[in-house]
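Submitted below is the structure of interest, expressed as structure tokens.
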Amino acid sequence: MMLELSTWCEVKEYLKTKKVIIIPVGSTEQHGPMGLMGTDFICPEFIARGVSDQTKTLVAPTLTIGMSQHHLAFPGSITLRPTTLIAVIKDVIHSLAGHGFTHLFFLNGHGGNVDSVKTAFSEVYAEHSFSKRPSSVHLQLCNWYGGKRLKKVQTRYFKTGEGSHATPSEISLSFYAHPGSVKKADLTPRVAPNHPFRDSSDFSDKFPDGRIGSDSSLASPEIGKEIFEAAVRDVLDAYELFLNPDIPA
Amino acid sequence: MMLELSTWCEVKEYLKTKKVIIIPVGSTEQHGPMGLMGTDFICPEFIARGVSDQTKTLVAPTLTIGMSQHHLAFPGSITLRPTTLIAVIKDVIHSLAGHGFTHLFFLNGHGGNVDSVKTAFSEVYAEHSFSKRPSSVHLQLCNWYGGKRLKKVQTRYFKTGEGSHATPSEISLSFYAHPGSVKKADLTPRVAPNHPFRDSSDFSDKFPDGRIGSDSSLASPEIGKEIFEAAVRDVLDAYELFLNPDIPA
Amino acid sequence: MMLELSTWCEVKEYLKTKKVIIIPVGSTEQHGPMGLMGTDFICPEFIARGVSDQTKTLVAPTLTIGMSQHHLAFPGSITLRPTTLIAVIKDVIHSLAGHGFTHLFFLNGHGGNVDSVKTAFSEVYAEHSFSKRPSSVHLQLCNWYGGKRLKKVQTRYFKTGEGSHATPSEISLSFYAHPGSVKKADLTPRVAPNHPFRDSSDFSDKFPDGRIGSDSSLASPEIGKEIFEAAVRDVLDAYELFLNPDIPA
Amino acid sequence: MMLELSTWCEVKEYLKTKKVIIIPVGSTEQHGPMGLMGTDFICPEFIARGVSDQTKTLVAPTLTIGMSQHHLAFPGSITLRPTTLIAVIKDVIHSLAGHGFTHLFFLNGHGGNVDSVKTAFSEVYAEHSFSKRPSSVHLQLCNWYGGKRLKKVQTRYFKTGEGSHATPSEISLSFYAHPGSVKKADLTPRVAPNHPFRDSSDFSDKFPDGRIGSDSSLASPEIGKEIFEAAVRDVLDAYELFLNPDIPA
Amino acid sequence: MMLELSTWCEVKEYLKTKKVIIIPVGSTEQHGPMGLMGTDFICPEFIARGVSDQTKTLVAPTLTIGMSQHHLAFPGSITLRPTTLIAVIKDVIHSLAGHGFTHLFFLNGHGGNVDSVKTAFSEVYAEHSFSKRPSSVHLQLCNWYGGKRLKKVQTRYFKTGEGSHATPSEISLSFYAHPGSVKKADLTPRVAPNHPFRDSSDFSDKFPDGRIGSDSSLASPEIGKEIFEAAVRDVLDAYELFLNPDIPA
Amino acid sequence: MMLELSTWCEVKEYLKTKKVIIIPVGSTEQHGPMGLMGTDFICPEFIARGVSDQTKTLVAPTLTIGMSQHHLAFPGSITLRPTTLIAVIKDVIHSLAGHGFTHLFFLNGHGGNVDSVKTAFSEVYAEHSFSKRPSSVHLQLCNWYGGKRLKKVQTRYFKTGEGSHATPSEISLSFYAHPGSVKKADLTPRVAPNHPFRDSSDFSDKFPDGRIGSDSSLASPEIGKEIFEAAVRDVLDAYELFLNPDIPA
């Protein structure tokens, strides 16, 4: 159930029985010579729909611009400052909490968002802690790419070259989601280097074609399908745990 | 050409000959009992693609959350504070200007965004004015719904009941874009009232089902097709004028 | 009744029967070779007094600095950043609302202020919408120069050369208000050019003497008197409509 | 020479020989049962004109709203938050510094503004210190009421009851500036109490009629004339020292 | 070498050969019935001195207040909002970078700081990425408690009850640093519960005495000495890797 | 009683009988060729402990970084922007007020902090004034160096050369507090010059070795002891007056 394709009356009806919503959050940034600029939001959006198909959970519109400052040397990359992203997440939380949603599940597709999104959560909680009004919302950040079933698929197909940016996993998934946009490129070296990085000029010095540690050419829509299925199930686990957190953190 | 489905190499190639980009900006808010929550971003996104088909202009990912504070009494509506939206628009501008885009065409689907987006433009220009570094970017806000061809279609189909929120025009267009999500509802009264409004409680007092001055039930995907074609041509005019502004403002 | 020349006891007395206040808001910016830097605050202040004379409405001190970033290339122009102006307007609203004023009528003299002031209104309303505490205030922005009676005077005297900045209308009015400060200048060309503009260097490139589309030399204190009388009546209409908004917006 | 009554061409001419400007800054707040709400901006504005008459210094429009949070319990008082006032002062400084003014003399009429205005100065200087670009501006805050000649007048007329808010000195000066607005009131007690204070409810608890330590009834326009003359000479001394600071601070 | 006990001339001398500085960052928050409020800044400060003893690295004054919103229900806990902590870290970075320090090693003692500190790093880098001026600084956040030697000590002494807040490890270390402040308390239950948490009221509901998953009573100054020695060596490894990052991240 | 060496249970116990806390606030900045970078926080921290020894008042961890923008040209100086310091002070106040502390005594060691700290107080009070919720806290800023007993000691030992930065008084006190860090330096001239100053480049131009008006070489730990004793008694007076303000301000 997509929020954007629902009416407010349908949302009102939904809230009578469910108080949870999934918010896909990603970024618009270079993903190497053959990865799509939208990879990091296409993936969580696609998986959110997969999770929603099984759970009938409402899915909010995807937040398509994230914190991608380090990619700004590559044409087309768009970033929010971290503090802007914090403000966005806060407003989204306040909007949804006001409607009675109690569980907000941010399904994330971009590592660069993690600190800012979690800082936004703390900002929201801090308001409650300062004012002594208990918060009604539970906030969760879940990366779509962190689970164990996905790991197995990756191990099978990408013995080397998974890397950490423009990975064959995320590119496969984005190709599966957008089969009309499968790209090819000659990658030199096949497996990109791997380093810590800082700002965008440091990043582009170290990663001339934008990839980190990955061999994007291993990607295919077919593997994308397997990744999708594994990741949906991984995320479902995290989602269930979020709703029923009997297991200590 | 969609930015999200392009690689950075393709964007680099694009920038060799074109420096313009279209950024659809909308909102996620109630649109009455039969309008989709995403109406205001679905419409500019859809029209942006229509314009892009004819001009081969790059289209950025849609900004799906806008300034919709007055709709917060209706379940599912999400808003940014005006100052948050200003920050978002500024960061998007700075990102794109840094890549060498000189003409940013924000195609807007929500009246509530106008003041904030234009204020963001002034913030960006003010930085340049204070620092005496001339700005390299031209910024334009264009509402998809303001042109004369559209007016003709509206006059033909919606003699009464176009109104200003949850209009049959925007609902028709969103239904044309998402034929699987056509909704129906009994509307009472058929034509909604019309008043100035303030915050969300004032809004919901005056407009109990969320519509302003409109009769959404006049909407249909078929009319949406005509609206689409008219609006694309209207927006193309504005787009051309933006790139070639020989006519004094 | 001027707030600045009243005591708090007199304001307290006033509030027993009236809850409305007029806040003139303008700017300090170049107005071409013969226009006063203060034109845009002198005019709304002067008209506010005219309206107050007839309605006995309280008038707040004039906000003399507005959003004039595009004029910074001309010596003496002072601007607030848009976000600063937003903060100022918000604090003024919160101050006055706290005293029980329910209707705040911002009488504006500068087009560049409009987006920021209206964004400030939305910021205030958004606080209420997020917190679900209905707002007690009605906020209105009224440009002194937008009415139909004024239009008639302009059509009579300024067949060409009214333009949009350093207009003979506003200069006439400021001269009528300050007859000791009537200025003269040779204007070349008589009617200034007209273009869209961006930051201050773009502005001064396009408008070398600061005027936009206007022939300031048509101005005179005598016409200013007629403009004053027409504009006061126009603003009175808007003021009455604000207090009694039975007509749908 | 008033900036608001000058053209930009006149300001350009002025800057060829002088780089100093006076900016009156005050507040709009209660001044007891017989003091004017505008006292704190009327006084510095009036004295600025006196100083300008003798020195031909340019005077900017008065900043009429200051930091008056503690007066909000009294109808009509308007305040900026301290951080808003800081933003305003910063923007004014940046605007004027950009035109080549090197000496900005803020003539202040309200004690509550001092911390915020000086903090704004530090904010501006901090930008330069962080970026290692030396600042071109000299910033001075001068209270009109702090000099020794004024002290003599006060000692002569107000042996008791000068106090620190709604003082007979400032009220006398405002009455001299606005002889048509002289007010009377029965004051009980004649000399108001004197305490430290915090927020507006604390303030109004301690000072029920708004005065602090003062007997406003001692005020008269005639004494106001003497105060004016003394204060103008005091401020002239400070102004000269600001331009020629050979004396170590 | 402690910055606070050095002169600027000594720092200048230091910078001729070394460009690295350690900044201990912690928090002031409850640590259960027998843990010190300062535990989280005492520990990194103490270890920083240990590292400095061996490497002669300059150590900045400890940032004693961190992001501890979730502890506010416990008397004495002090927190910065996340965005305040971000601003603090940014200013510290800008100050030190301006002096020519190229490597800033933030040695952290509080998990709640991590997101905010890393977000601050991104804010700094984003400024460089937007402006295309490469950053001169390398920023590292290192938790004192994350290394493998420490793990061994913990495994030896705290088979159960290490937990994640008010841990016997950190309490032992703080007791070793402040032997005069060793505290005792009856803990019920011995091992505290373990859950995810949100704001301060949620936290105090779940953890009535403030501990998370830990048995603080296992702490002793003697074990603290072993922890100190292990952690210093762990941090030295991270510090060396930071200065010589040949190993891909 | 040091907060950092207390448990939350001890703080809870303390609050049953006392509601006051001392917060030392200083800075980390150059203090000339022989003064310690930490002088301005070492002094108030040391005196706070002296006051606490006599009054059993709780002392919060010292805020070690203040507003020192003008010292940034000297290696090692660290500053917060004024607005950052304001945010820090606000958060500290809100944290402590939430625990029931009613009297917050900020013991300050750096003149550059004064405006920002007092502005923060006004920000806090302004929140209460706008919302009409009376504030529960009393806020006091006390400079350790302003009292009359200290003056006597200064007059006895430093007939010339006390100056206003890197003074022999503060250096003596810091040496007394840290006898292992006594420094020596040849000072030329013996007594530093004295001027108003602006940003850091202006500061270092005027004060090449960092001192203002002082002869730091007069400092000694022995005099520091006398200064300590005098200042503790001075501060005790101010502290008592803060708790029992029967004397009008």
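Order of writing sets the chain letters: A, B, C, D, E and F. Residues in each chain are counted from 1.
One rule holds in what follows: a contact is a pair of C-beta atoms (placed from the backbone, for glycine too) under 8 Å apart; a residue touches a chain by one contact, two chains touch by 3 or more.
Quick caveat, the model's predicted, so the values are computed rather than measured.
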Fewest hops from chain C to chain F - one hop per pair of touching chains: 1
Chain labels contacting chain E and also chain F: A, D
Numbering shared by both copies at the chain D-chain C contact, with half separating same from different: same
Chain of greatest Cα-centre distance to chain B: F
Rotation angle (°) superposing Cα atoms of chain B on chain F, nearest 5: 180
CA centroid of chain B to CA centroid of chain E, Å: 47
Distance from the mean Cα position of chain F to that of chain D, given in whole angstrom: 29
Centre distance in Å when chain A and chain D are each reduced to the mean of their C-alpha atoms: 54
Sequence positions of chain F contacting 2 or more other chains: 72, 79, 81, 83, 95, 98, 130, 132
Chain-chain contacts as defined at top: A-B, A-C, A-E, A-F, B-C, B-D, B-E, C-D, C-F, D-E, D-F, E-F
Residues on chain C engaged by chain D in the complex (per definition of touch): 2-9, 11-12, 14-15, 28, 30-38, 41-42, 58, 60-65, 72, 74-81, 83-84, 87-88, 90-92, 95-96, 98-100, 178, 180-181, 183, 185, 210
Partner chain B, residues of chain C touching it in the complex: 67, 69-70, 72-73, 79, 81-83, 86, 112, 114-116, 118-119, 122-123, 125-126, 128-130, 132, 134-135, 137-139, 193-196, 198-202, 213, 245, 248-249
Partner chain B, residues of chain E touching it in the complex: 130, 132
Of all residues in chain F, those that touch chain A in their complex: 94-95, 98
